[in-house]
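The structure appears right after this line, and notes come after that.
Chain nomenclature is as follows: A, B, C and D, assigned in order of appearance, with residue numbering initiated at 1 for each chain independently.
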Amino acid sequence: MKHTAPTHDFEPKIIAFVCTWCTYAGADLAGTSRMQYPSNVRVLKFPCTGRIDPVFILKAFQQGADGVLVSGCHPGDCHYIAGNFHARRRFAVFRKLLEFIGVDLKRLQFSWVSAAEGGKWVEVVTDLTVKVRAMGPMTEFKELAMEEQWSGAINTPELQEAYNAI
Amino acid sequence: MPLTSQPIDTSIYSAITDAIKTEAERILTEGQVTAVVGYAAARRKGSAQPIIITEATDAAKLIFTAACVNNLAVYLTKAKKEVPKSGKIGIVVKGCDLKALTGLMGESQLKREDLYLIGVPCAGVLGSTVQPATGLTTDTIAPKCTECDAHLPTGCDFVPLQTPVTPELEQKYATEIARLEALTPAERWAYWKEQFSKCIKCYACRQVCPFCFCEQCLCDRNKPQMVDTTPRPAGNTAWHIVRAMHLAGRCAGCAECERVCPMDIPLNLLNRKMAKELKELYDHEAGFEVLDKGPLNSYTDKDDQSFIK
Amino acid sequence: MQKYISQQNLTTLLDILIAQGVRVVAPRMNAGTPLYEPLESAGDMVTDQLPRRSAKEAFFPVCEDIMTYEKEGQKVTVTDIDPARFPETLLFGVRPCDASAIPVLDAVFSWDYKDEFFLERRRKTTIVGLACTTADDACFCTAVGLSPSDTKGSDLFLTPLEGGGYACETFSDKGEALINAHSSLFSVPSGAAALPLAEPQTEKFDLKKVKAWLDEHFEDPLWDGAAVRCVGCGACAFVCPACHCFDIVDEGTEKAGTRRKNWDACGFWKFTHHASGHNPRDGQPKRYRNRIMHKFKYYDDKFGQTLCTGCGRCIRVCPVGIDIAGIVEEISKKQE
Amino acid sequence: MSRIGVFICHCGENISRTVDVERVALEVGKLPGVSFSTDYKYMCSDPGQNLLKKAIQEQKLTHIVVAACSPRMHEKTFRKAVEAAGLNPYLCEMANIREHCSWVHENREEATVKATEIVGMMVERVKKNRVLPTITVPVTKRSLVIGGGIAGIQAALDIADCGHEVILVEREPSIGGHMAQLSETFPTLDCSQCIMTPKMVDVANHPKIKLYTYSEIELVEGYIGNFQVTIKKRARSVDEDKCTGCGVCMTKCPQKKIPNKFDQNIGMRTAIYVPFPQAVPNTPVIDRDNCTWYKTGKCGVCQKVCGPGAVDFEQQDKLIVEAVGAIVVATGFDLYSIDEKPKGSPIKGYGEFGHGKIPDVIDGMTFERLASASGPTGGKILRPSDGKEPKQIVFIQCIGSRAREKGISYCSKVCCMYTAKHTMLYHHKVHDGQAYVFFMDARTPGKSYDEFWRRSIEEEEAVYIRGMVSRLYQKGDKIVVMGSDIAVGVQVEIEADMVVLATAVQPQKGAELLAQKLGISYDKYNFYSEAHAKLRPVECATAGIYLAGACQGPKDIPETVSQASAAAAKVMTLFSKDQLEREPIVARVKESGCVGCFACKKVCAYGAVEEKEIRDRQGNLIKTVAFVNPGVCAGCGTCQATCPSKSVELDGYTDEQVIAMIEAL
């Protein structure tokens, strides 16, 4: 067993929203093939990318994700005929909105990973982790969560501590 | 492009007012409609407010001026239950308002046959921070009017025969969008953070939007609390992102959200940016025809996926 | 106590206070919108525009945290927010219509339940009123018995003078303490005439008649007529200096979170929506009626005061042009 | 408060080698709501499952998280175990700490932290899980088969032989389809009608088969197990109950020169007719467009000569509603024609071949009719233009097929084989004739197929020229065929007496309209789409609808028959239970919040969303809302992500569950 994984100053939190039929299965394949990738990613399973609401991405960033991955079946492979086509449009538009608001889109990755592409899963997750690690923490939403309307602000140390706990 | 403020000709509005009065009186008298939604003068000098009349004798109250800023389509949505639901309704619409009605028809909220559309040839209306009695000029005109492509509404049941004279104006949103797009993400974030920090969650933007017709807004649900309700910067930002996303491909730019925002947040800028993206991605422009499926309810197998690995 | 302060000295005073760590809240521009906000420098102050939101938020914030909680296993730890932490504040340049609402709010926040969050901020804040020189046709302070030079609610009141500077008059110990602490900046009254004050055009309401009518007309067609166009937003209540309804929400995750007190508005359908699904105020007319009743009847019944200072903000921001002054005028005429 | 039990599996050493399972159990034990947490060597083993069941009972656990392998591996196992212990199976979730953690990370500390977080996430999720009852849908054990060609006939007979009623609907006056038109069949050269007609008769005589010919599908409502189908039975003008099929009417009909579609319009028929002598049913139909009585109000000879009085000029179209539980679509194919196509059509004709205006340039199906013993020439190969026997005949393959420039890129699959068959039939009938075949490449996979193709060259003397034909034109009574032989690299010019084009197989005309009525999807050529190209080739994505034969794509007879039997087997599987049981992962509408914008309906690929009216006690319409039919919903959740007010929710993947997971991280 290795205990000498490279250490970094900052380890990003990556949240992945994936469909169960292709990408989740692809990630399973990466496991059964004993491929190795950074441990930063946390996977949330959905029946289909069509189920993934843009609000989830927003919520993930708000909850402290430094990078978000959305991944599903390749076009034409959707288990539910067209869920990924609907998702494709939804996210094409949503990422433009986030970009306009000022979110750096390098933190938000979309991919098609099939059940056979264990290797691609590893590549996508590794690339995003390395990229986001280099960018440093996603501070925007975290700072925003600390901000108060001036009239409600007291900024006591206790409160600060409580916020940090959240 | 005029550098100084130039007056905009609104002389046709008095003839339009007369025509609206006559038409509303006729359709109410003949029983073609059960009510007419229009504008009436209000207490403050030069101001106007929405009015719903059901008696032909009240038709004389109807007006059209540059202070008739509201998009009355909101009164026909499910969020507004007070408007009589039985029978055909007459409604006074500017070109921008008509686009909202068109969208509502596509979303099964209205039926064309239930409406009697009184279209208004419109040269523009006043901006939100302007006193109602002010004259319409290139400075006082609402920003949305600078990008108007529907001065003359089409497909109405009645349109007074007037042609608005409209000067070429600097397209305020296009200019501002271009300016923001040229900034870095961090600069844009700073811009919106400042704007959203003012928000007090009065939801005027939502309540006045014809497309926010949900009986229960996602943001009013608490199991789960998808969006924080608290008017803190975090919840405010989330709300405005969700709002813009829900309007993407649907909003046709009546800009009511921006007009009514008591904190002057440029909300229509978000909507116009989304409209611009939908035009570029899917060649979609909202409000011109009743669509069976909106751009985010449909797809083609050739949609752009250059952003997907 | 009556004194004079020059514009220059006033700026100096505020800058000194800011440097001393006092939170100086005064009208300033935030992204193009005039608001009462803490100043970083006295030069940022803008006094020629009525701030879009009232000064009530200095005591009753848009949103404030009241406690935090943490959960671990079966254990829940609650930490109260200590109001002692609130900063010393100078609320400066407050229009009479805003300042006069603050004593009105004192009544409700120190009634059977003493709201320490409100009261502690109140104790720590000195209010400097400023006589009003600009009015538009939405202003109606004179109609509800106030005036552009009403000193109600102010600890210290400034009146701008011809030729510059301000006449200062104190109305409390806090006001006097402020002058005494910086006496070198103040001088004896100059005797110069005050600048012409704003003159709201609305006729004075007979508030007794209004209340008498409201006492008898809970059900009345007037409500439908007034509010059929209301779209149910909270803009009127949120900009109002006297509206004070709030909602309490818990925000956070399963593990930790904060309990918050947020502004609420009786115009929202959700305001009176019961968990059962029933809503006793089902429809905007009923909700709007509550707004008028609360301002001109219920608050009077309970505290002998009117919950409106005629600032006209709700008229200016109403998306659909609902005009409280017009409606109250109509009511007062009905009672003839 | 929930009492959650968490069970961490070592998976032998597969997990515990990298993940400190004891520490994970200890850490998650501290989470709010967790009242029991433990680790075990093999959770999926019998002792492991018993441990789980025992803990549920002893600890009164309300929700379960099993942290082990992928849910794709053992979710069913643990849900069953949980159910056996008396909990609803959907109150059990799996945390994948093997495939997604221990197997992909080497650092023990990192893997342990990640495993703890994965389990923590599933703990928060399971708290929001609801009891989900299994969904049952009643099944009507009758089926509809659309199309009476060999595919429909085979499917109908198989289903009916299992004792279930079948409604067989055919658009033409007789069943039989294209197979009835064929002369002989490859690779055995047995006579098509000889093998086909007994099956047609079986259909007619089968007590469980209700046959509607000269009928079409008007409307399809309902869902799997519960379809209501409206069938339009067109007026035959002959009463089927009275008609004895004696045929006197046809011999007496004065209109005798009407081109017979069954004979590819080279043979003639009367106005009252059966398309071919072995037609089933053997009841004539009056072609009203060509009948003198309908055109002028005079004649009526058929009525006069009909002994049983079966001719009924007043007969009307009838709408019949049938309730069925399953539908087999077997509408077959049509053939591409080289005719000029309407402007803007994605499919083009062949101007270089004269757009079908040269009379002796025919298609393969016409050749079948010429070669058929019961055809218009009595089995003689004769030119349509002058009735002469062609001595030089050219067959051209891939007409339309694999021709992207003509708008069709697929291979029609059967042409190589039938062209080889045609050269043989020609050689058998015209001994001194010479057949030439222009081909790109011969595709002959299939039992005895390649042998058959070789026979046409080696024994039947067909000359195969590898290359394409660039132009055809009439020169005197010859047709000049200009082509190239790419094997030798020379231009070839043949003066032929007749040319036979192997035209592409296309879906039936109007296939897309039927698909829209059925709510099934189709590709850009209008072939119907199967649910999965490999693993569900006979099912439609729309539950309860199955595909057989060439309507799904070009097929030969054995393949068609196999698929028809497969479709029948699928129908029988459905009919094997009285109630259809399915996983309760379906969308549900919260009617109080729904405003009826029907965005959900617009994005539903399954047609599962219906419009439902909500009325008060007096019957006044309050509003129209969406309703998700749980029998049809496939559970993708696209509707929920689309719904602006989140008034539709996918059970098992609710927003509450998702947000709880995100917040746990």
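Keep in mind that, in the parts below, a contact is a pair of C-beta atoms (placed from the backbone, for glycine too) under 8 Å apart; a residue touches a chain by one contact, two chains touch by 3 or more.
Owing to the predicted nature of the structure, the values given are computational and were not obtained by experimental measurement.
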Interchain contact steps from chain B to chain D (minimum; 1 if touching): 1
Chain pair, A-B or C-D, that carries the greater number of C-beta contacts: A-B
Centroid spacing, where centroids are CA-atom means, of chain A and chain B in whole angstrom: 35
Computed distance of Cα centres, chain D from chain C, in Å: 70
Where chain A and chain D are represented by their mean Cα positions, the distance between them in whole Å: 39
Chain centre separation (chain A, chain C; CA means) in Å: 44
Contacts with two or more other chains, residues of chain D listed in rising order: 592, 603, 642, 655, 658-660, 663
For chain C, residues that touch 2 or more chains besides their own: 62-63, 253, 255
Per-residue multi-chain contacts in chain B, two or more chains: 197, 218, 225-226, 231-232, 296-298
Overall pattern in which the protein chains touch one another (line/ring/star/complete/other): complete
Residue ranges of chain C in contact with chain D within the complex: 71-74, 253-255, 277
Contact set on chain C toward chain B in their complex: 30-33, 35, 52-53, 62-63, 136-138, 224, 228-229, 231-235, 237-239, 247, 249, 251, 260, 262-263, 265, 268, 270, 283-285, 315, 317, 319-323, 325-326
Of chain A, residues touching chain B in the complex: 54-55, 58-59, 62, 75-76, 82, 85-86, 88-105, 109-112, 124, 140-141, 144-145, 147-149, 152
Footprint of chain B on chain D - complex, ascending: 592-599, 602-603, 623-624, 642, 644-647, 655-656, 658-660
Chain D partner contacts - residues on chain B that touch it in the complex: 78, 107-109, 213-218, 221, 223-226, 246, 292-294, 296-298
